[in-house]
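Shared chain: subunit A. Partners: subunit B in the first complex, subunit C in the second.
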Partner chain A sequence: MLDAFIQGLLLVVQWKAFAFMLLGIGVGFWVGLLPGLGGATTLALMLPFVYNMQPVEAFAFLLGMHSVVATTGDITSVLFGVPGEATTAAIILDGHAMAKKGEAGRALGAALGSSLVGALIGAAALALAIPIVRPLVLTFGSPELFMLAIVGLAFIASLSAEGARGMARGFLAGGLGLFLAMIGQDPQAGIARFTLDSMYLWQGLDIVPVLVGLFAIPEIVELVVRGTSIAGNVAPGSIRHGALEGVKDVFRNFWLTLRCGLIGTFIGITPGLGGSVAQWMAYGHATQSARNSEERKRFGEGDVRGVIGPGAACNSKEGGALIPTIAFGVPGSTSMAILLGGFFLLGLVPGPDMLTTHLTVTFSMVWTIVLANVITVLVCFLLLNRLTSLTAVPGHLLVPVILVLVFIGSYTSNSSYADILVTLIFGAVGYFMVIAKWPRAPLVLGLVLGKIAENYLYISVARYDAAWLKRPVVVALLIVAVAVVLYPAFQAWRGRKKASAHA
Partner chain B sequence: MKLTRFFAAALAAIPMAAAAQNFAGKTVTIVVGYKPGGGYDATARLLARHLPKHIPGKPTVIVQNMPGGNSIVAANHVYNVAKPDGLTIATFNRNLPIAQLTKVEGVKFDMTKFAWIGSAANEATILAIRSDLPYKTFADLRKAKEPIVIGSTGPGANTYDFPLLLKDLVGVNFKIVSGYSSSADIMLAVERKEADGRAGSLTSLRTFIDRGLVHPVIRARAMQPGLENLPVDEDLAPNARAKAIMALRSAPEQVARPYVMPPGTPADIVKTMRTAFAKAIDDPALKAEEKKAKMDLDFTDGDKAVAILRDVLNQPKDIVDEFSKYVKFGE
Partner chain C sequence: MHNRASLGLALAIMALTAYGIFSALAWPLKAKLFPLVISIPLFLLAAAEAAWVIFGKDAPAESVEAEGIPRNIAMRRTWIAVAWALGFFVLIMLVGFLIAVPAMVFLYLRVQSNEGWLFSIVFTAAVWGLFYGLFDLLLHLPFPAGWLLSSLGLG
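== the complex of A and B ==
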């Protein structure tokens, strides 16, 4: 096995494979930066180019491209508050808040640092999981997946403000998200729900226009209203550094980074849960690290831990998502489904063979993820100080450019004008939520988990009647969910106790 | 003056040139009714790479994705908006005839009035059962006492409709559990023994059959090599009405990758495209890529495709009503 591990590395560093990987990184770099245009779409468009490549070259190209998308997507999210990818929206909450305080460099440093650590965790998990992958994935049946979605929804408690009013608002926003997830043709009876007689809504609300509207539009409006640059009140001279400070932050909060990386990996391994869930669970977990209620309130106003958490989870999940793809031929995400097509093109049949006969190829994928991320992060650091100075550009110059990117970005999801309409509607919703201090994250979490929760609950009941409630992993996950909901109350109690001890 | 007349003549000659089927310097767009990444999209992109050398004048062929309403958006666009000049081709959901038949809201086309190029593939639908179960053949399944759990994505998909008809019309003891997000997701449920089997296209099941996880026990009418020994659902129908319903469900699978042009496209252009498609699909270069991608292309001429669809759309009302009770239009 160690032999295959080293052989895998040697395969990737052959000049041809390496050159293809650099090419892939170059493409992925831009795809990540541009909002809307997603990693999955790009993979589909690039697939025809791999016909004449060797397996290792092809995967170096495809995976190299795919693994950097999340990293550069963070940059757009932090600098402009526009989600570069659907999977990099959570980082906006604190990352962009930091950029507005003139700490764009530190936020980007933290985002890149945690992305790299996350990617390494994901790759390590992929390498380590190889012997145990089959039992690991098979433990999670539909009842367990349903409970996992419930644990995800429980994180709403951590994504809401403190106190009864904050909780009520958070769970109401989450409820709205769940309701929005119901839009579209339901998979049990085939009935069109809340589609307003429009064909656009048949397949449900697309996540990209919703995210772009919810997060980008309020920032743009605010920027216009303020009439300054993004980092409005900060002297331009002091913006251009801090990147190193951000990297140090990652290591100051190393355990948090590690835990969020593991959350991402785990969500990645679990097929069907979807990549955009990991970031929010990680963000929710990051807020749990607040030691008292003052610290808790700073989340959303630029706490670096709110950057590190989703940054790590977003990149570690890709390594995780490869696991079911390789071991069963069952993709863990849309991108992986397209990658699976790549396997066929190359004459490889994903499945148990990949863990024995083709183990070297599998390890070469691990190495590609590692190398691609290291290279991207290094390149980004070279550009970082130039990128951060964008936050000092006057708003009236920046806004037109961002607006164009925002609308093109949402239009690419269905090439329909309805995409633009959805962006504007959710822009208005987002704006009013910000003004009224309602949290947006629970809404998104409800939207991305709603369909999953509904379907797996239905399957669990249809398949096992009530017996699924007695499965040990289900019970364990239920306890976790309850703990997650109660944690903020515990946090507040602990904070009060400490405060009174000091007094 | 003479010069103006010359230019006018030259301008007038441009559509003439198209009619004379010289596509040199032109761009032919294949509109796909889905987002990039699926089977329809992959087939279109494969064809787009190999079609140019078989069309006179070697035009550029590009793919444009127009998702929405399970392809109805794309079909409406090509039927009502696109120009019938041979530069727009559409490929969409094979089940659109079912949408027209069951009068789904939003349908603004008549399937038989498109200028049909044909179908690029058949998709045989089969039902595969986990190999560690004692059911070797369909006859074994019919004798099953315990319900057999069939995983499915949802109504309108062949993972649901095909086993549903076997359950309700033939009386097999199936328990259909729907809501899985994709056919791959069902496969994982089969792997962890949550589901006992699934229906689907042979293309999507082949690797799992080769690996020995599942084995096919019954098929629908559409045929692909390797399925010769399987029983056909229609042969097991207890009466003529049940048989008609099964036949109606499976008919679109013989036109599984439809390719059409806007209604009113000149007949000679349609003829050129049919020849080009037939040649491209036989092209050894395409065949090699097709084999690698584990796809299975097979050209059915437009006239035959229209005949099959006409048969679908001309069913008596009582059969259609009965059919709509079981099958809904979907993916």
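== the complex of A and C ==
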């Protein structure tokens, strides 16, 4: 095993494989920076190029590209408030708020630091979990997956503001997301629900145009209204010092980083939940790390923990997602399904062979994830001055460029003008939510999890009737969901008790 | 301002869910169960929020956009931003991305930002070059010519 582990490293650092990895990192770097152009799309575009490569070279290229997309996607999210990737939207809430306060360097430092730690956690999970993950994944049927979706939805309580009013608005936003998730052809009865007789809506709402509209359009409007740069009149301060502070923040909150990394890995391992879920669950968990209500109020206004949580989860999920893909040929996400295509192109069959005959190839993947992330983070730190200075570029120069990126980003998700229309509509929704002080995160969580929850609920009921409710993992997850919902109320109660004790 | 926006959102959700409930009633049980389970409580919650806004006594709060900027100016600039976004969308549909992108960037710099001719031309060329080189030449993403150009047979 140790031999194969070291052999895997030696294979990746051979000049040809290493050069392909660097090429992949270069492509992934820009794909991550550009809004809307997703990692999955680029994987699909690059797949034909691996025909003539050796397996290690091909995976160094493909995984090198794919594993850095989320890292550089964080940069766009933090600097411009535009999600670089659908999986990097949660970091906007606090990361972009920090950039507007002149703390872009610190936010980027925290995002990059947590991304690296997250990636290492994911890679370690991939290396360690392969022999033991099989029974775990096989115990997860549709009832457990439904309950996992419910646990995710329970985080709406944490993503809402405090008090009954804040909670009501959070659940309204989450409910709206669930409602929007029902748009499209119903998979059980085949009925077209809320499609307004439009073929475009039969597939349901695509997450990318919705996310881009919800987060980017209000930022563009705000830039025009303020008439300043992103950082406004706030002096950006010492960028390198700020970035170093951000990295230190990751280690100051190391347990949070670790927990969020594990959340990401777990969501990645679980097929059918998707990468977008991990960041929001991690963000929800990060808000729960607030010690009192005052601290909690800082989330959304530039709390570094709101950057660290999703940053770690976003990158750790890639290692996690590779586990079922390699071990059982069960892809956990679109990207992994495309990568699975790469396996077959190269004549590899996922499954036991990857853990025996081709174990060195499997470990070369682990090393690719590690090396690609280390290199990307180092390059990002070298470019940090230039990247952060973008927040000081006058708004009137940024607005047309961001507008172009936003429209292209949403258009490329389905190559349809309707995508842009969806972006504009959700831009208006996002704008009014910002003005009304409604949280936007629950809406995204509801949209992402709604369809998953409905599908797995139907399968569970059809297959097990009510007996699925008695399954031990279902009961355990139900308890977790209840605890997640009640935790903010418990926090508030504890805060009031402490305050009255001090008075 | 934020109260009116909150009321507007609550009323919009009420209208949306009412439409959802009304539509779902005609579907078979499998298709309507989830919509009804979501829509009915959501309608009631939105109604509660609307009542809260109308009858409650919220402290007035400044909107994010209006911070430090007079409200009438903030509103005017908001409409300007909306007009540019909608204008860009219409332009894309009419003449396609390849023409709409440089046209919008150039017009924005000249009309909205009052930049000089030379700067506007160079900046527009740089943005267009990046867009064309990356998305069209390199990635071969399909960008249709737009309705107007297609109908004139130029697409």
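Here is the rule we go by: the second predicted complex is superposed on the first by the 495 of 503 C-alpha atoms of A that agree within 3 Å, B and C clash if a C-alpha of one lies under 4 Å from a C-alpha of the other, contacts with A are read in each partner's own complex, and residues count from 1 in each chain.
Keep this in mind: a residue touches a chain if its C-beta (ideal position, glycine included) is under 8 Å from a C-beta of that chain, and two chains touch if they have at least 3 such contacts.
Treat the numbers as computed from the prediction; the structure is a model and nothing was measured.
After superposition onto subunit A, the modelled positions of subunit B and subunit C are compatible, with room for both. In the superposed model, A:Gly141 makes contact with subunit B only, not with subunit C. For the combined arrangement built by superposing the two complexes, subunit A sits at the apex of an angle of 80 degrees to subunit B and subunit C, based on C-alpha centres and given in steps of 10. Of the two partner chains, subunit C is the only one that A:Val224 touches; subunit B does not reach it. In the superposed pair of complexes, A:Arg165 makes contact with subunit C only, with no contact to subunit B.
In the superposition on chain A, contact of A:Gln188 is made with both subunit B and subunit C. Contacts of A:Gly102 after superposition on the shared chain: neither subunit B nor subunit C is touched. Contact with subunit B, but none with subunit C, is seen for A:Ala40 once the two complexes are overlaid on the shared chain.
In the superposed model, A:Gly113 lies in contact with neither subunit B nor subunit C. Applying the stated contact rule after C-alpha superposition, one finds that A:Gly242 touches neither subunit B nor subunit C. By the touch criterion stated above, A:Tyr411 is placed in contact with subunit C alone, subunit B being left untouched. Closest C-alpha contact of subunit B with subunit C, superposed model: 6 Å.
Taken together, the two complexes place residues 45, 186, 188-189, 415, 454, 458 of subunit A in contact with subunit B and also with subunit C.
Contacts from subunit C toward subunit A in the complex involve residues 1-3, 5-6, 8-10, 13, 16-17, 19-20, 23-24, 27-28, 30-31, 34-35, 38-39, 41-42, 45-46, 48-49, 52, 61, 63-65, 69, 74, 77-78, 80-82, 84-86, 88-89, 92-93, 97, 101, 104-105, 108-109, 112-113, 115, 123, 127, 131, 134-135, 139, 141-142. On subunit A, the positions that touch subunit C within their shared complex are 30, 34, 37, 45, 165, 168-169, 171-172, 175-176, 178-179, 182, 186, 188-189, 191, 193-194, 217, 220-222, 224-227, 396-397, 399-401, 403-404, 407-408, 411-412, 415, 417, 420-421, 424, 427, 429, 432-438, 450, 454, 457-458.
Residues 35-37, 41-42, 45-46, 49, 64-70, 72-73, 105-106, 149, 153-156, 175, 177-182, 184-185, 187-189, 191-192, 194-195, 207-208, 210-211, 289, 292-294, 328, 330 of subunit B touch subunit A in their complex. By the touch criterion given at the top, residues 40-41, 43-45, 47-48, 51, 137-138, 140-142, 185-190, 197, 199-200, 202-203, 271-272, 324, 328-331, 334, 337-338, 340-341, 344-347, 349-352, 414-416, 451-452, 454-456, 458-459, 462-463 of subunit A touch subunit B in their complex.
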